[in-house]
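Structures incoming, each one as structure tokens.
Heads up, the next two complexes both have subunit A, just with different partners, subunit B and then subunit C.
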Partner chain A sequence: MRRLLAVSIAALSLSACQTVQNQAGAPTTYQDPATLGAVKGVGIESQDIVSMTDQMMRDMLTEPRLANAATAPNVIVDSEYFINESASRINRNSITDRLRVSLQRASQGRMNFVARHNANMVAAERELKRKGVTDQGKNALAAAQRGGDYRLGGRITSLDARDPKTGMMSRYTQIIFEMTDLETADIVWSGIYEFSKAAADDIIYR
Partner chain B sequence: MGGTTLRLAGCVALAAMTAACQTVREQENTAVKPEVVHTYLAGKPKSLEKHFYVSLIQGPRNQVLNDMRLGLASMELGDDKLAESLLDDALGRIESIYVDNPDAAKARELFTKELVKDFKGEPYERAMAYYYRGLLYLKAGDYDNARASFKGGFIQDSFADEDQNQADFGLMQYLQGWASRCRGNNTTAADDFAEFKKIKPDFPLPADGDNTLLLVETGQPPVKFSAAAQGETKEKFLKYRRASGTEVARLSYSEEKTETQGKGKSAKTVTTSVSHKVEPQLLEDVFYQASTRGGRPFDAVLAGKAQFQDAASTVGDVALTGAMVAASVAASNNHNNQGEAAAVAGALLLVGLLAKGAAEAAEPDADTRYWDNLPDRVHAASLKLPERVTSLSVDFLAADGTYLRTREAKVTRAGACGIAWVRGDSAQPANPRAPYSTSKEAMVSPVVIPGLPAPAPERAEPVKRGPEQAETEQPKS
Partner chain C sequence: MRKIIMAASGLTALGLLAGCAQQMEPAPICNMAGINAQRQLVALPAAAPGEPSPLMEMPLNSVSITDFNVINKLYVRSVTAQRTPTGTVKVISQIINCTDYPLNVEGRTQFFDQAQAPSEPVSGWKRLNLAPRTSNTYAESSIGTKNVQYYMVEVRETR
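Up next is the complex of A and B:
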């Protein structure tokens, strides 16, 4: 009986001790940005940016005024007029940069891209050349930086909903792109990308 | 076996079980190599080195908590880049959805404390993390992401169980409007302010021409504690108490205005000083936001644990009482019943101890870790400030008007708008450890940053001998 009692007490003591081990780290792995990542939320993630910019690029190349004009138009693609009104914190450059790079590679000279985001850099170099601080380089001097014919604008918006009873949270995200004629304000091309995500956190966090 | 032995055995078992409930996750990992520690601390503010060391050794369980409190402390010290990275890390962890997380599953178990889970904060704490990240975006002139942060904070408040208190975090709604306004997005700003007015109809909106937002934070944060339901003794619900009294703020500043008086040759330029007195109004009561969310869904889990604890304890009491009675029969002079009574006493003792042990091992206490350098209240005023005003003197007063102290609020301008942020009380946490972030014993132990090991003494290089020297030292035959 005494042995039984001792064993019981020891077993109880051990069962009361919850051993939640500290977790080991995870080694770095490369992930495909076009697929769902290891860390998931309801905001804009890498696979959304890859999918969205690919779709917009393909769509833009079907617009004759942009991709099939007699003279390649000057296009500005940057985040200056790309507004984020959603609940997702995001670096807007990650969208417009990928779009510009993809477009430039795919258009193969059908569009001319103006680096307005580098205007200060260009202005500084032009000034050095004209003051004679540097030589003129091998390209001919231009009268001025190139003006844009079209510029990208857009807006990210979201609609959030949450059910406090189930903890389910959903976010509908809508991203619109518009290419605007910089003389007439005509919108010569527009595209929309939208998705909705829903998830519920563990009950311990509700 | 006598009654004394039984009692002793019971006490030993209970003591062992209670002592055994220290979880490994609660412990600090002081085995981190000093080289790693010093590399991690490089570039961190000197005054917060112990705090960052604690953050390192407490690991992911308290990462969000430590990120939030150190992010806020770094922001007050003017290290905005560090504050941004800490708050980004905290928000990244808050926004990730925990599905099939083993530690989350453990926290739901009957015999595990809630505080083994990774801390993500209660909704008011998460909202305030978004608030401070939004302020940093405002300071940097990134109004889009500032608005996204405030919107993210506002969404956190929709967790409230009580319908009337869902999504009433007016601070976030007001700041969404302010960020939209600074962005020049007037349509969205109007929508945001209209929503804000539904929450706080009496708070004044920014006037035309206002270009600076002053935010004044007062008081100490809400304190969490584990409370029992009415008429019960088991502590199983998360509750809050206010830790500080009411404070108000006021500021005065003078503005020089230059105007031309007279006409023609008699015209002259006159500079006059116009003084302004402003009393920032209460925009948000953080304690109110903490305490009005209603019950958490997880409280039902804790209540279940407490119910089990009560039932198991009752079963244990009954069995132990039975064991005592049977033991006394076994010890009596009635030799006919002694054997049977001893066996019954043993069995009941075992059942009683098992039940008591299970009751003691159940962990219904709520997780009371909390963000300890938050304010109690946030006051705000929008101002029309000339560019040359770079700081504001803000007086803090007690509720009865007694002067308490004066603090300087630096005006930061990076975009279309300026922002000035000031606290009545320091945001530097006195204790390197957040409340209840580790075991009771560890909480009071001193934080000692391990020193780097002394560099190994340089070994003397063997003297290289030239061929001539070698020749001369050759033994002569």
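Up next is the complex of A and C:
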């Protein structure tokens, strides 16, 4: 009985110590995506995506076959042939989407962009129109979806190294971009973005 | 007389040795006074004709080292611009690391139109690795063509 009483008193006094920490958590902060953020590792990060897509976009606009053709070429920019063979976990669309959007906004008619990633969406709507399920819309009907003259391809590769004594890790990442002629397979433009980062502790990219 | 000859030959030998000791320091020529001159602000275009503008700004068509950490470590040897075959403007600048240590810097360019207003979004930061006492070339191309008339490059240390 005595022991039970002692245990009860001890439990009561312990629970009395557990008070609610009634404070706000660490606030979410906006960061500049073009600059190294608070969480940084050896993989591909936002500043790399912003920097590389901006560089590639500007460089493509200096290629006469793309940006100074007599007739604006039909260009396909998506991640279908943009391969990630690196150790970095990354959504390839975050690179190709940004490149396509910035390139289209910058080109101002110098290139024509074909949404091959939306081909199924377009095909479904065309079928509905032609079956009479919907009306024809305001635009004139086209014989077919537009074919591409050039398509973006590329590859992400990496080389890792770790010092077992210090735990220091380094990763060299190489990202290549190629614009290929869809009739002749000529590569009409190519660009490369590379970097090497080292860190004591790698972070988890999700 | 013999002593004098000995002393003279000794002095000559010393002189020759001193001549050998005069080694050229393997350093780049960093004219920091030139950098200081580049930092001089210039007057904005006047609002009224014939009147001087009271407002000052950083000079266009130049490289501004905007980071205090590297302001006295880098030397901008040259900055030029040229039209590409598609009509865009390409800015090329040679930057020298005047220190004995490797430096990682990054640059970006803002292009301006005839009215000195930004003609397009500022470019992304482009990294530049500079080994000790070496130079590297920063280059950036504009998006626009005929409307691009001026530019300004910012350089800072990569963090």
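By our rule, the second predicted complex is superposed on the first by the 176 of 206 C-alpha atoms of A that agree within 3 Å, B and C clash if a C-alpha of one lies under 4 Å from a C-alpha of the other, contacts with A are read in each partner's own complex, and residues count from 1 in each chain.
Here is the rule we use: contacts are C-beta pairs under 8 Å (C-beta built on N, C-alpha and C of every residue); 3 or more make two chains touch, one makes a residue touch a chain.
In this text the structure is predicted, and so the values were computed from the model without any measurement.
Visitor: Mind working out whether A:E63 is in touch with subunit B, subunit C, both or neither, as first, second, both or neither?
Guide: second
Visitor: Just to be sure I read the superposition right, which of the two partners does A:D181 touch: subunit B = first, subunit C = second, or both, or neither?
Guide: Neither partner.
Visitor: Applying the document's definition of touch, where does A:G43 land relative to subunit B and subunit C: first, second, both, or neither?
Guide: Touch partner of A:G43: subunit B, not subunit C.
Visitor: Mind telling me which of the two, subunit B or subunit C, contacts the most residues of subunit A?
Guide: B
Visitor: Please indicate which partner A:E85 is in contact with in the superposed arrangement: first for subunit B, second for subunit C, both, or neither.
Guide: Touch status of A:E85: first partner only.
Visitor: Go through the superposed model and pick first if A:R162 touches only subunit B, second if only subunit C, both, or neither.
Guide: The first partner, subunit B, only.
Visitor: Identify the partner contact of A:F195: answer first if only subunit B is touched, second if only subunit C is, both if each is, neither if none is.
Guide: second
Visitor: For subunit A, give the residues common to its interface with subunit B and its interface with subunit C.
Guide: none
Visitor: Using the touch definition up top, name the residues of subunit A that touch subunit C in the complex.
Guide: 34-36, 47, 50-51, 53-55, 57-59, 61-64, 67-68, 106, 110, 195
Visitor: Which residues of subunit A touch subunit B once you look at their complex with the stated criterion?
Guide: It is residues 1-2, 4-5, 8-9, 12-23, 39-43, 83-90, 92, 160, 162, 164, 167, 169, 199-206 of subunit A that touch subunit B.
Visitor: What residues on subunit C touch subunit A, complex-wise?
Guide: So the residues of subunit C in touch with subunit A come to 84-88, 90, 120, 123-127, 140-143, 158-159.
Visitor: Which part of subunit B faces subunit A closely enough to touch in the complex?
Guide: 1, 9, 12-13, 16-18, 20-25, 29, 59-60, 91-92, 95-99, 101, 103-109, 111-114, 116-117, 120, 133, 137, 144-145, 147-149, 151-152, 155, 158-161, 166, 180, 183, 185, 188, 296-298, 301, 342, 346, 349-350, 353-354, 357-358, 360-361
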